[in-house]
Structure formats: C-alpha cells, structure tokens
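First the structure, in the form of structure tokens, and then the observations on it.
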Amino acid sequence: MKKIIALILTTLAIATLFTGCGKKNQTDLEYVKEKGTLIVGITDFEPMDYKKGSEWIGFDADLAKKFGKSLGVKVEFTEINWDNKVMELDGKQIDCVWNGMTLTDEVKNAMSTSEAYCNNSQVIVIKKGAKISDTAKEGDDFKGYKFAVEKGSAGKDMAEKYGYEYTEVDSQAKALMEVNAGTANCAIIDSLMAAAMVGEGTSYSNLKYTVSLNEELYGVGFRKNSDLTAKLNEFFKTAKEDGTMQAIAEQYKVQAALIK
Amino acid sequence: MSFSQQLPIVFEALNVGFLQTLKLFFVTLLGALPLGLLISFGSMSKFKPLSGLIKTVVWIVRGSPLMIQLLIIYYFPGLVFQNNIWGSGENGRFLAAAVSFIINYACYFSEIYRGGIQGVPKGQQEAGQVLGLKKNQIFFKITLLQMIKQIVPPMSNEIITLVKDTSLARIIALQEVIWAGEAFMKGSNGISGQIWPLFFTAVYYLAFNGILTLLFGKLEKKLSYFK
Amino acid sequence: MDNILEVKNIKKSFGKTQVLKDISFSLKKGKALAIIGSSGSGKTTLLRCLNFLEKANEGTISVNGEVIFSGSENQKLSDSEIRKNRLHFGLVFQSFNLFPQYTAKENVMLAEQILAKEQIKKNGEYNGYKTIKEAYEFIDNKAEDLLESVGMKHKKDFVPCELSGGQQQRVAIARALALNPDILCFDEPTSALDPEITGEVLNVIKKLAEKNTTMIIVTHEMGFAKEVADEVMFMDNGKVEEMGTPEEIFSNPKSERLREFLKTVLRI
C-alpha cells in the first residue's frame, strides 16, 4: 500500500513539473520581454542567415538584431530542423522563424506571418544594350533568343511557362557564364542572386537584370495569434522609411528583392 | 572553391559535429548503463504493481521509434503544457536528446541485464547465502562478473548500434556529424552542393566502431578464462 | 554428551503441498547422520530449511541449546541474525556451485575474507588479528590446509572449469569447512558425478567422519550410508518414518515403507 501511494505521489510530482510554471493569459510580447530574449529559428542560408566566425550575420540576421533592439531584448539565433519549424514555434523552443521563408499557404495557415519584406522572384538577365525592352516577358518578345536556366530550378519552370527556348545548365552561376560568353542570350535566376552577381560593381558588370517573372514572397513567422507580428510590421515600416532596411539590403546585395 | 580549399573547412565542421556525436554517445552510456540495471531490478521485483509498471514502460520505449521519442520529449512539454522545460539553444537540444537516449537505451540494456542476471544459476546465489554473504556482497562478489561475461556480446552489439543511432538526434536539430555533413549540400561556410562530406561522415563512424569492436573483443577474451 | 542439534516439529508447505509434515530429530556432536528416502520425500527441503534457504512454516531449530529458528513465534530475524545463525551450518551442494570466476583457493577464502574485513572494520579485530593483511595471511594458510585435507592443494590456482566434477566437489567441501560450521550438510554430494569418480568424494567425507565432524548427509549411496553414518534417518512422504543405527535400519527395518524402499534401491 505504501508503495502504491509513493507511486501515485511520484506521478503527480512529475506531472506538476511539466505543468507547473506555464503562465496563462500572457501575450507573446510580454513573454519575450519577461525572459529578455527573442529566439530566432534559422538555417544556414546565405545571404539571409549565415555564420561569420561564431556570429550569425546576413540580411535577416541583421534585421532581426535591430528588431530585438527595438523591443529591448537580446536576440539569440538557433539552428533548427526546417521540417519542424512549426513545432519549434508552438513548443516555444523558438519565438520566430526568420530565414528567407517563402510565404506559402501552408506557412500562412500554421503561423502568424508578417508582411512580406522580400520578393525573391525569378528575373531575366541579359547583356546591357540588348534590343529587348526591360519589361518584356512574353515568349513572342524573345523570338530567336536562347535562355540558360539551372537544372530543375524555379527558373526552368518559368522558361517553360513563358515558352522560351532554353538549355539547362548545372547552376545559376553557370547560366550567367553562358550569357557572358554569348553561348546564351538570356538567363533566368532568382533576384537575390541577380542582385549579388549582376550589374555595377559585380563580376558581371556588363549584364543587367530586367523583369520579374513570378512572385516568391519572404516573410517572418510567429506563433499563431502572436502580438509580435504586428510589432514587426510596425518595425518594418519605420525601417523602410528611415532607410535602415535599404542599407542592410545593399550590404548583403539583396536590394533587388526588397519590397519597397 | 577548389577541393583542397574545401578540405580543411569540411574537416573542421565534421570534427565539431563528431564531437557532439561522441558527447551524446558517452553521456548516454554513463546514464543508461546504471539506469538499465535499476530498471532490470524493477522488472524482476516481486512487488507486482512495480514490475508491471516497469514492464509496460519498457514495452512502450522499446516498441516505439526512438525518433518519435525524441520529438515527444523535446516538443511535448512546450506544445502540450505550454512550458518548454529544455530552454533554448544547443544545450537544451543536447539535454533533451541525452534524456531520450538514456531512457531508450536503459530499457534495452535492462533486458540484456535481466537475461544476464537470470542466466547466472540460482545455485550461485544460494552458495553465497550459505556462506553467510549479504545480498549486495553476493551481487558484487559473485553474480556481477558472471553476468558481465554473459552480457558482453549482446551489449557490444547494442552499444555499436547506439553510436549510429546518435544520428537520429538531428531530428531535433542537434548538430551532430551527419548534420554537419548535410550542411554542405544546402550550403554552409561558402561551400554548397557538395555531397561527399555527407558520405565521408561514415568514415568517422567506421573508425570509432572499429575501436569499440577491438575493445569489446579484448574484454571478451579477458573473461574467457572461466565458464 | 549433549545434542548439538535439536529439530522440533518442522512443517513446510509450498502452496497447498505440504512437503514437511512435522519433522523432529536430534543429533549429537561429532556424529554423522545419513538421511535416505525416495525422491520427493522431503530430504532436500529439510536440509534447505536447516540452512535457511527455505523458511519453515512452523517448528524450532536449536543449535547448542540456543534456538536459532522458531516458526511459531513468527519472529522477524534481521539479516545479520540470519547470517550468524546460518554459519552454524555448512552446505555442500549436489551440483557443487563453485564460483566459476575464482580459483579453487579463492573459492575457499572468499567468504572468510569478506567476514574478516567486516569485523576488523567494525570491531578492530578478527580471530585475534588486528590488520586485514594479517587476517588474510591466516586465511590464506588455512585455505591451503583445507585444500590439502581434501587432496586438492596441487590444483589450488585452477578455476573450476579446469577441474573434474569430483575435484570440484572436493573443493566445495573445503569451501564449506572454511567458516568452521558446527554441522556440515551434504545434499546428495555424489549424484551429479560419474560413478567411477564418486569414490574420491566419498573418501573425503569418510575422513571427515573419522575426525568426528558433525555431519548430515542426504544420500542415495546406501553402502556409503551404512559405512559412514552413526545414525540413519528414513524419510517418506514428508515424515520421519524410521530412525536408528545403520544396523537397525538396513538389517532390521521395522516399517513396511522402509522395507519396500530398501528392496527397490538394493535391486538397482
């Protein structure tokens, strides 16, 4: 009998250990402020979040640090298993996902998402001085033009969608080389890459990028019903107005994808 | 980046990852070896509710995938009770992984121990009793070594499996060696699209398991002087 | 001469089966008692009750006039009391039960070494020896003497699996003698041995009898019982059916059951 009672008591003790200090009626903002840290779930993803020495930098990382400062909390980055991002949020292992996350329906259903801050669209890259309008995107405009696209990429999907004549190459970088060498007239790559590698001050200063063929919007995810989402939208607004966002974007060469 | 430039970067990352693998391995052994013994005593207890409870727990732990146990132990407190007991960051992940592995392996070990203890003839215990030895003296001076001799082969099997199972911990983003190898496929430290680092992690496992196999072989040989 | 052992009204059941039905007997110091009877008659259980491997339900066991077990008083003995009481008896098992990881000599020394260490820690001395080192030296010498007495000194550093069955049983006898029990019990000491090597073990027991060791021997070897025992007890169906000198039991059996038993055994 004594042993049974001991058993029940132990079970209860373990149960209270789990439930003990979960506070109800606390908003996410209050929760983050009380513990003094904003934990940002990321993966290693240049140029958004990546490591320089032991520090996480990148367009997303730097903006997140600024956001943390505006809240008056420390920002901690933790690498997560991307497949588990929703569990990580809901289990309070992290407070937000800020990692060049595409705002798919799936993401929008499972999280409270911020307004999009980047549009990592597929863009057309062409030699400067080409006789093609910067807004042209229909297949007819490009009669006789050869495209280079990365194997199996979103760029290839676009080439098919618009009916371009294309060849598949190993990588986006290879596609640019083809245009530069004249073996292709155009390439389709994503705008983050284009901003970093094409135009003045890059290795392909004789190339330019033109029209966006699709939309791939990046946003930040919070727990459902979090009041941090509104806070971040406010922060984005001021960061756009005072030029902070543009400056950081240029530092990491993602300005082409920035939503103004 | 040329291959020879990649090498030092990849090796450094894999070494850091493998250190995590080793840490998880040794912490699991340190916890699961004694806990398994306690569980095996519990499952052999004459107090039926206790042995019944423990047998049920062992059944659940051995009968469900370790990967699910990792997810449950790491995410459940936060998801269900709104209380993430593991804290944030690497340490919390390691702690949760260690707890999952210790519980899981203790249950496996307990069954091996039980086989080992029950494999020692009852007469050994009785011989100790009639010589006036106490229960704990009988266990440590007589039963233990005979039990160890019996459990070395199944134990070495289980321990080598443990080395490889540590890779499951990357489901909760514990950055062990395979995680480190995979990172170079997506892109990390300026290297992307490289598959060979992932495959190369197998060499780490092979080397370490080779050492373990040698050690267990030595132990088995050392205990072969008696039957 | 006083009785060294007095057993009164021992009863023992396993579940609903009563294995020992009211056993009483006594044994004088320096005498050898042989217990015979068919399998299932309760001989081994009786021996195990004496050695506290089984707990009798009722009855008393006294050694040297001191009650060391009483079932009726429902007394709860502490572990250390059971241990102390236990050491009045030594037991030699049918299947030897030597500790396989230890050499012959270590098997003989183990229990006494543990005892000496404990007592020196607790009382500061064991058998007059103040340090563990001195005590161990004494135990070491004693073990060699014991092995010598059973003719096993030349194999003292062998582990059991390197010894034959008969040799193992001789070491087991030396081990049982190590703690100087008042009464040495044998549970069918030759049943697990090949017939041609039972002799070496029986000879050792015979020598012990000549030195007036108090012994209780459960055995199937009728010839041996006749030769060595001072008294023979015939057990049948959990009871002492008949007890007497070897002549009385073997030459002049009174009860029908004993006559039948002897007829069966001697025919084989």
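Read from first to last, the chains carry the letters A, B and C; within each, the first residue is number 1.
As a convention for this text, a residue touches a chain if its C-beta (ideal position, glycine included) is under 8 Å from a C-beta of that chain, and two chains touch if they have at least 3 such contacts.
Predicted, not measured: the structure shown is a model, and the values here were computed from it.
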Quiz item: What topology does the chain contact graph adopt: line, ring, star, complete, or other?
Solution: line
Self-check item: Chain occupying the most central position, where position means C-alpha average
Solution: B
Self-check item: Chain of greatest Cα-centre distance to chain B
Solution: C
Practice problem: State, to the nearest whole Å, the distance from the C-alpha centre of chain B to the C-alpha centre of chain C. | Solution: 46
Practice problem: Determine the centre-to-centre distance between chain A and chain C, using the mean Cα coordinates as centres, and give it in whole Å. | Solution: 83
Exercise. Report the inter-chain centroid distance for chain A and chain B in whole angstrom, where each centroid is the mean of the CA atoms.
Key: 37
Quiz item: If you look only at chain B, which of its residues touch chain C in the complex?
Solution: 121, 123-124, 126-135, 137, 141-142, 145-146, 149, 225-227
Quiz prompt | chain B contact footprint on chain C (complex, rising order) | solution = 51-53, 79, 83-84, 86-87, 89-91, 93, 95, 97-101, 110-111, 114-115, 159-161, 175-176, 178-179
Practice problem: Can you check the complex and tell me which residues of chain A touch chain B? | Solution: 3-4, 7, 17-24, 37, 39, 43-46, 50-51, 76, 78-81, 84, 87-88, 90-94, 171
Quiz item: In their complex, what parts of chain B are in touch with chain A?
Solution: 47, 49-50, 53, 71, 74-86, 88-90, 92, 170-173, 175, 183, 186-190, 193
